[in-house]
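The structures come next, written out as structure tokens.
Shared between the two complexes below is chain A, which has chain B as its partner in the first and chain C in the second.
Up next, the complex of A and B:
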């Protein structure tokens, strides 16, 4: 953060010395309000680190090129303490007091949903990598763009994979939190399960941040479904898995979770109990994903690990892609005019370390989810539209994993 | 079978909730301080046990160490800080403990990061099945520790010199003084015991859920509700209050849906305040 600021400051001076007129600008400021403390700080840090590493890297490569000049980026980060209302006020502050040029998003759909209205109201492009709920993109807003794939499709590749595995899954338990992201997941998954001919025998919604899932586990145990599909944020998923084991509950064939499984934290917190859990990620650090600033995704992952001391996951890559989409948009619009930059972002089509970045009508990226499973303590890619690795299926009982 | 399973889950978790509330009820009853940092003590106790567990100690062996550490912390905070304002308006102690909670929470994030920590020994997921009901052994152990500690606290209050001094201070400060009780000392010891009980509850909580710097606020709220329901006089009644909440949440979750469990526990609080205003007025 400080390093970024100093670097940006130096570049501002350099750029200032060489610039004659008022145009082009001396620096471009990006603003974001993130969960740096509070309940969601653990995932919020991915976005803090993603925004910082991306901006450092872009500044080192000369910054943003407008009208033949290289302009550095400065980042203004505020801590919303995992409080959505505070986040909304902070985005207003970023726009009206700090007068930032463009906005980057907060973490998770719950915070992105209201804060994107600020972007829309002030007609400032916001690119976010933290909110996947299609509700964000279905309101006809023009200034919000998202780099996470739609929440209602999160389980699509899992269900497609199940169609090709023996024994066939016939019954499912669907459990989801009542936050914006998981409500969308549950809605989309009900449809996907119906299309796949899998009957939902337990369908439960719980209050976000719940810690005790014993009643839900008892109901799952009573119905003994073939699969359990769980939509919840990471703290809830960790509790659910530990309590499932303690109460000797689970599915006959497999359990899958929307969030948590790809993170290093998940394996660290659960140890052996993480084994064989299915999940999904829109991103894996593959060298085939080329990037203009980082070389490729594998090099990016190595740089990230060296800088921050932990492994990046798809949140990290989506955060970097958000910065890159904004920068590419500014460069192709060749101006800081917000409406023109907005139009340029809408036409984005570039290869990045995250995925090929293209936005649909509503402003959301479309990338397929890769099915993953924890095997021998490693996140193992299993299935996209074909099998990559042989899954452990059906998953053995709790005592025999790992 | 589903019903029996849910009853068992509710009772076992309720016992742990009761232990969480025990320290808060004791401090509230004796010092007339509603400790809003109580959940932060639970969180800190969880971290003590977690780090000892990571260093290779069995979590149950680490519990006494967490108790001692939190006792010392509670003693020092009461003796050095809270004693200065203990006799002023309730709002002052509320403000103080509110601030203490913020400080402890953010210190914990600085020191321990926001990573999710779990106390996950090899037996954490072990269970036995009796007549079709699965009993997680970690939950059962947490329940037994809760009942044991409540019983010990009851014995301490009833039988020991210290306990009599604590009760005397709570009942009539002037009379206690005349009999040679030093209230500063008694307050600090009582607050220390409250913190120690919270710390133990935190260690056990880490066995069933995960620890982050932010678990405190919810647990304070839960402890508050249970302290009101269970009363402030009798430790075993506090455990019973925890069981009532545990059962109410489990049954609400089964029959009304899991989104309603908080509605039920706070609804119970309102109900009790309405039905037994005399007692709750005396408490507040």
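Up next, the complex of A and C:
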């Protein structure tokens, strides 16, 4: 029994000691623990590819310029198997064993919340493009920065746009799923609607993965609101639109959804009923988004497609922007001193293929969502802080669209 | 027997010294391994001794985590008060639910326990005070050595409790229930009461582990707290080490945690596959757990493994 105990003890020591003692290379090292396998691997790959393509591009352009010298970047990626506890350990390992200079984030808020605590514990700047929860940035942490816009503000651009359109929207229905993200969206949207002077006449939360929305539709039909704002996952949004049409209900002026509208699936699944739906995206690969390393967002999207064989989405762009924010921060601090780089990142203000990168007090990016609308089967950008295209507004009744 | 306990002292001393001897990664690994070992050891109290296979112990883990998080994040109380609140919550739930569910046997009991964790998860996802689906954020503490020593202390306490059970009248009653519940009842063992006591004891240790983990990881939500994969791990680790023994679950948890860590970092993609293979081989060659290997191997040598296969007619 004692022998087995000792054996177990040795295994424990081995587990910690084996594996991870690579010498630090003569370069700037960035570390990240990503979901490369397991349930979140499908989106995790965007970040692996984003970090790699960004670092390759920056190294090809000479690397990071510090004190007149160009230093290449090395990336240390670990696979956390979609296991949050393992991810926390891997960040500690990156910091203490691999001695990386700076950290890049994992995917999604659930993994970012605890791992950013490691960055804060060791006072190492972490820039992440995978977690949008405002909780990440509400803890008074100094060393965490995020390039996804806050969930609270998802409908901000839409509500700002409505303020400039005739006829004015006066009443709204707010419907949201009860998952963490959409609860945050609904909370923020209530505040935004109140500020815009739009009365909420229907305020409903439904259980995530609901398929039958008839009672919600009945309420919308009874109250006949000017606008419907809907936060949920794509299958829920598809069902909601089908059922709204079936019951011939909806908003008098327009309906908008947090997800779905930018995707090709959405248009294919709904056909003509997808027409005129409003939605939002944090990013479109537009040539107007200039970038120091990739030229512009359109060139970036082409380079990405050529390299990886699939189209980039906002995850990809946010991941690249995270790397760029770190590099810009190092260059403007002109040192690898972590506290100074942290201060430089906090003052970031540069144009990138993703958006203009600026962070608020808490460290989250300040970027307006782009309002989009399906017009003639195409995703059409409508509004950010100014109109890009003329919207179809008010939206015609079901059956007369497209 | 005495000398074995003495031999444990240096092992415990080495384990306690890890925060000063080992590096930060080892401490992180240690905290996780100690906590999961505590879960396995707690599971062992009911599952190992009475043979009641529970897949719902993560309910107590979640209650411990939420007790701590609510006390600290919402009421701004100290950590130890949160731990106590979590433990009380777990005891109350165990006492209330234990009565009815412990009357079920075999697969019926297992199925019912599966539902408890899911039901509590749904409940906490709708409680304002628990932060609903968004979860709760706990204050950040840099003192990993404290978390490590707390986890070690908790595991030691759970192991002492199991050691006491193994030689007490209480433990004998539990084993009697496992071997033949009707016969045990016939000789005057109040089965339901004994099982309930075992469940409550398991709930306390499990809840304390949940509370420590919550404070250490700084963030909890319903999915991560009432995590059904934890239930599976508790069972596998206990079975791997040796159910119904004093040190089996601890050894099982340490060894499997170490194997998982090496596989996850070494061959990330196929790690789950190899981890499954390890468990499969263990079930075939070591059905009584690692703890049985010591005596069995000394007696039979390599034939021990073949004897296991023959004995269980695989």
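Throughout what follows, the second predicted complex is superposed on the first by the 224 of 402 C-alpha atoms of A that agree within 3 Å, B and C clash if a C-alpha of one lies under 4 Å from a C-alpha of the other, contacts with A are read in each partner's own complex, and residues count from 1 in each chain.
Keep in mind that, in the parts below, a contact is a pair of C-beta atoms (placed from the backbone, for glycine too) under 8 Å apart; a residue touches a chain by one contact, two chains touch by 3 or more.
Small disclaimer: the values here were computed from a predicted structure and weren't measured.
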A:121 touches, of chain B and chain C: first, second, both or neither? second
Touching partner for A:335 - first (chain B), second (chain C), both, neither: neither
Touched partner set for A:70, first chain B, second chain C, both or neither: neither
Touching partner for A:29 - first (chain B), second (chain C), both, neither: neither
Which of chain B and chain C A:299 touches, first, second, both or neither: neither
First, second, both or neither for A:178, with chain B first and chain C second: both
Contacts of A:37 with chain B and chain C, given as first, second, both or neither: both
Partner chain(s) touched by A:245 [first = chain B, second = chain C, both, neither]: first
Which superposed partner A:380 touches (first chain B, second chain C, both, neither): neither
Chain A residues contacted in one complex by chain B, in the other by chain C: 37, 178
Chain C - residues contacting chain A, complex: 4, 7-8, 11, 14-15, 22-26, 28-30, 32-33, 125-126, 132-135, 137, 140, 142, 217-219, 221, 223-224, 247, 250-251, 254-255, 257-259, 261-262, 264-266, 268-269, 271-272, 290-291, 293-294
Chain B-touching residues of chain A, taken from the complex the two chains share: 37-39, 41-42, 44-45, 82, 178, 204-207, 209-216, 218-219, 221-222, 234-235, 238-239, 242-243, 245-249, 265, 268-271, 273, 398
Chain A residues within the chain C interface of the complex: 1-9, 11-20, 36-37, 78-79, 81, 83-86, 88-90, 92-93, 95-97, 110, 113-114, 117, 120-121, 133, 135, 138-139, 141, 178-180, 183-184
Contact set on chain B toward chain A in their complex: 1-2, 5-6, 9-10, 13, 106, 109, 113-118, 120, 124-127, 129, 134, 136, 138-139, 208-210, 212, 214, 218, 249-250, 253-254, 257-259, 261-262
